[in-house]
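I've put the structures underneath this note.
The two complexes that follow have subunit A in common; it is paired with subunit B in the first and with subunit C in the second.
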Partner chain A sequence: MEKVKKPKSIYYKFLGKTYIKSDSIVGIAFILPAVVLGAIFVIAPMVISLSYAFTDANLLRLDEVAWAGFGQFKRAFTDPYLWNAFKNTLEFVVKVVPLQLLAALGLALILNTKIKGNTFFRWAFFCPVMLSLAVTSFLWMNLLNPQEGLINAFLGAFGVSPQPFLESPKQAMNVIVFVSAWQGAGYQMLIFLSGLKNIPPELYEAAGVDGAGSATKFFRITLPSILPTFSFVLVTMLIGAFRLMTQPMIMTDGGPVDSTMTMSFYIYRQGIKYRDVAYSSAIALIYTVFMSVIALTLRKVTDVKD
Partner chain B sequence: MDYSHTLPNFVKVKRKISPAGVTLKTAAIIGLALLCVLFLFPVVWMVVSSFKTQDQIYTQLSSWRTFLPATWDVSKWFVSYKNLFNAFDYFGRSIINSAIYCTVTIVGVLLLNSFAGYALARLEFPGSKTIGTIVLLLIIVPVETSIVPMYVILKKLGLLEQSVRVVGYLLPGFVSAFYIFMFRQFFVGMPRELEEAARIDGSSRISTYFKIIMPLSKAIFATVAIFTFMGAWNEYVFAQLMFSKQSEMPLQVFLQLVNSFNPKDLSMVMAALTFSTIPIAIVYIFCQRYIIEGVSFSGLK
Partner chain C sequence: MPDVFAVDSPNITAYAAENVIIPIDEYITTEEKDSYVNSVITQSTYKNKLYALSGMDSPAGLYYNKEVLKQVGYTDADFGTIAAPWSWKDVEEAMDKIIAKNKELKQEGKKELPYKIKLNIGFGGDEGSMYLYSPLVYSAGGSFADANEKVTGSLNSEKSLAGISMLTEIFEQDATKSWVYRGSNVNAFPGGEVAFEIYGSWLIDAIDKDYRTFKDKYDIMPFPVYEDADGNKGEVKSPCGSWGFSVTEAAKDEYAAARVVAYFTGAESSRLMYESIGTFPTHKSLLADTDLFGSGAAKSLSDLLVNTSAPRPLLAKYPKVSDAYKEIINYVQTKAGKSDYNLEKYALEKAQGADSGK
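And now, the complex of A and B:
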């Protein structure tokens, strides 16, 4: 015992705190690769984005960057295309989040009972989750083909005239909402199911003995128990929805008439296609602030229980 | 006649539910079946259409036979898969590329993030608290990390040169604040006694890690590996930006070429889509346990 504790050589002081030498060596060695790569590919992009927002940086001449003050931000607030992209994104979020959330929660609540074919249903609803966003987009693009797609063939059997779907500025965003919810709902259903499983059955038994009906049980036991899961799913889904990009990129390229141009896609396009890194960074910065405020407020509001 | 008030409460409750419960359950099953069709038909159609010729797809489009194979002679099902390899010189190559990119990413992610997670969970060193806080912040704050600044960095590092592009594509995928946090949480939950026993027996930190910690953490390693695999296999936006050469493209990007090929062959497109889904489906079917574990972990916080 004495041997291990006494010799001072295994300890050292750094900025007033005592550390164990060997622990520090191993710890730093273990974390170094992650820190180096994280600094280059996670932190540095943020710093670059933050600082380029106040310049006139262009992808083609990154060596000659001049300060532009708040010029890019002024430009952002008067850019009608940006405003349009923001409105489109908001429309997507407002439509897809309730649709997908209610679908996922509803399915989970039903499948949490001892219904026949439970396992089959679970797999069926989960099936689209196995498709990547790219596969989902390419598949639905073909299904929704106005001339020779399956959906219009199906509608035609009921006498409905062929719909333009992705080729119509009015329908394109709704199509993307539907396709996204279709692909993603099964995943959140699984999260809700695992949340529901964690509710101890004794709670229901006790409530039953006390004469509680199924409605009371649902509102007094089920809902409060999955509230943390619900808030988690809500926030992640919301942030995911605000970042919509792959589906419009593949299915519509932002069109028709910019009706499916989203914020993330606009930021990407400004930076990569138009090479305007500075403007792209400025928008990304504004958007980050916007999303953080929403995410953090929502966390606060829904996390009252903790 | 009404005995209910003499019976214990739970009997009454049971009786009350049955008649309404039955209709409710039937309605639920019918509703579920309809929803099932909605969720399944595109996937079924995709797979079935890949077994047909383009002409068969179009002639059967308005009939229910569009959801059944045109022939039950299984040997004729895979014609469009063969065509896919013949029509595109690099289709096979893109599958190999995807496999390579995924393998490298999984190895990198597992090593780097588990090391970092362990360091944050068990070892104290100058800066460990700060790094832990940064990791948490990165998870909580939704930074719009568009690909643009990443592209700038890669350009400045010279990683956009054709010869090293693959490195530029793979390296950024190695670190993830979320995976570091996952590993950290797992290691924190492990009983300290296990490694302390080994340490008292004279085993060094590093050999304890490889001999005691890693074998006991198979579950978390498997979970992270599976999620990494799915992310890497499905990656589209960054991949299509990085790879314009057909010989370097992963499968997901190659789909774009198949889909926009002129003249378009719908059965070939469906074959490519189905093909690129098979690995993910296999992982989901055989690794269910780990996926549900990972899902519930992410659901917990």
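And now, the complex of A and C:
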């Protein structure tokens, strides 16, 4: 008697759920490159960095590492320059986020109207985003040159005395805030614009019939409609702001008088320039925990709003 | 790791201390070693062993516009030399004289003379302050760290601060006299925008190539020395140092690798680099060649390299000390003359910062 072959099942069960095998294979094939790259360039460096934080690792001798316990963490909490960098980073975040958010929203609102040259303005506002941070930093350094810069020449035409800008401990961070907002607002503007485009025009028409003015329409229709977009932009902007490094690195080298030294730049400097990988890793770990708390809190707040 | 790598002179000590590079004494003959200028040997020696050699150097000094200074009464005999250097106060006095002359010229409707000084404090990013301005400290008899590499007590010592404060006066008076050039023209000196410039040897090459008519109108004197309230002047110390080559611990054939270093930095290579990119040669025989360094600014600078070069501090934690010093110079630049200016306190904080950690 011929044996009946049992057909192979195209299904399989995993953690109580049923999946189609071929779909899973395709899915795994798609995510595999990302998983491998992520493991090599994100997970592995994080694990290695985490382990270095408890050692005395020096960049020049990573093959001779000794256990140092929590010594690097103790040092971090008593390092006045670290706290200065943290304070500067907070100052940057507090200043740049509202400025950039309002600039992006304002630009999006302007472009959402039927103004002449809309396409040109959209390109113009987005243009800084396409340039690298290094390029725009050098561009602004020339514009802000106290002696020959175009901005002081312009201010001079109105009788304003030449400003030191990046050479002043009081002005340097504000300049970096402005340049960062100028550079980044175009990207968030596009996100806001897509949110604005999704608002049904009938809502405005109905509100108009009911006698609502521009302000009422904005606060009662526009803002609530783009709230999810607003939350997304806010969270990504905050995280990006906490990671500030390129602009102070190129424009001021953390000065003058440490006024623009930020956390990311400080971590980089300790690890790469001073070769103190252990201390750099310890600070990075502390900062990662801090950032995670911020990101999770924001996510929670955002979820409630959604 | 490769067998041979390029290393910047102030990093040699750190690499040697961490055994990343190995001593090459036994592979280099005494005759070869003696052919290099002292600064190369000094900056490449750690615990009495030679770890690197360099075929190029970058001595620096005070470029000055002879023609302009002669118009305000100076003669060739007045300009600073190794034996009778100018101090920072002499430079200030010269700038004041030119400013006074400009008032007369202005009244007569004539073209004013350049009087400013280009300090190049931010030159080269992180390293510029230590490279160009370490002589401030050395000239006043100060130091950057003690024998145990402790920075506190040295960098903020009375002598070191006295040296650094030479710049304080420049920046204090800059607010009213506008002495310091703050523009971005790299050729401001040969271009006639400034009367003085603190800079390295590359400018000679630029002037030779692009400002030939200016060639006889300038010279280089030693980096201005320290001068105390009684008029006593400090010693001439000249900035120097450049990239060289070392043999790494990974080298399979140490002898062959060391010979590569000797070839890369030998007299022939050194001369080729000088002729191609304008870096100063590091061999006494080349610097004594009158065809190359017999007259003018090139001779002045070669004399400074041979007789007064002062390598940057040889410390395993050099990057931290260099940063601390850069920030102190930066502090002087931005805060001098302000009511809250306190160099002593700031230098102490920075010295302690450099001592923190390993």
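Heads up, the rule we're going with is that the second predicted complex is superposed on the first by the 250 of 306 C-alpha atoms of A that agree within 3 Å, B and C clash if a C-alpha of one lies under 4 Å from a C-alpha of the other, contacts with A are read in each partner's own complex, and residues count from 1 in each chain.
Note that in this section a contact is a pair of C-beta atoms (placed from the backbone, for glycine too) under 8 Å apart; a residue touches a chain by one contact, two chains touch by 3 or more.
A quick note: this is a predicted structure, and the numbers were derived from the prediction, not measured.
By the document's definition of touching, of the two partners only subunit B reaches A:Ser281; subunit C does not. Greater residue coverage of subunit A by touch, when subunit B is weighed against subunit C, goes to B.
Within the superposed three-chain model, A:Asn142 lies in touch with subunit B and with subunit C [touch as defined at top].
Touch criterion met: A:Phe125 reaches subunit B, while subunit C stays clear of it. Across the superposed pair, subunit B and subunit C both touch subunit A at residues 142, 148. On the side of subunit A, the complex with subunit C involves touching residues 56, 58, 60-61, 75, 79-81, 142, 145-148, 164, 167-169, 253, 255-258, 269, 273-276, 279. Against subunit B, the residues of subunit A that register as touching in their complex are 14-15, 17, 19-20, 22-24, 26-28, 30-31, 33-35, 37-38, 40-42, 44-46, 48-49, 52, 57, 59, 62, 107, 110, 113, 115-117, 121, 124-135, 138-143, 148, 150, 153-154, 156-157, 182, 186-187, 190-191, 194-195, 198, 208-211, 213-214, 228-229, 232-233, 236, 239, 242-243, 245-246, 249-250, 263-264, 267-268, 270-272, 277, 280-281, 284-285, 287-288, 291-292, 295-296, 299. Of all residues in subunit B, only 9-10, 12-13, 16-17, 25, 28-29, 32, 35-36, 38-40, 42-43, 45-46, 58, 61-62, 66, 111-113, 115-116, 118-120, 123-126, 128, 131, 138, 140-153, 155-157, 171-172, 174-175, 177, 180, 205-206, 233-234, 236-237, 241, 252-253, 255-256, 259, 266, 269-270, 273, 276-277, 280-281, 284, 291-292, 295-296, 298-301 touch subunit A in the complex they form. Remark: subunit C residues 14-15, 18-20, 125-126, 181-185, 317, 319-320, 323, 326-327, 330-331, 333-335, 346, 349, 353, 356-358 touch subunit A in the complex.
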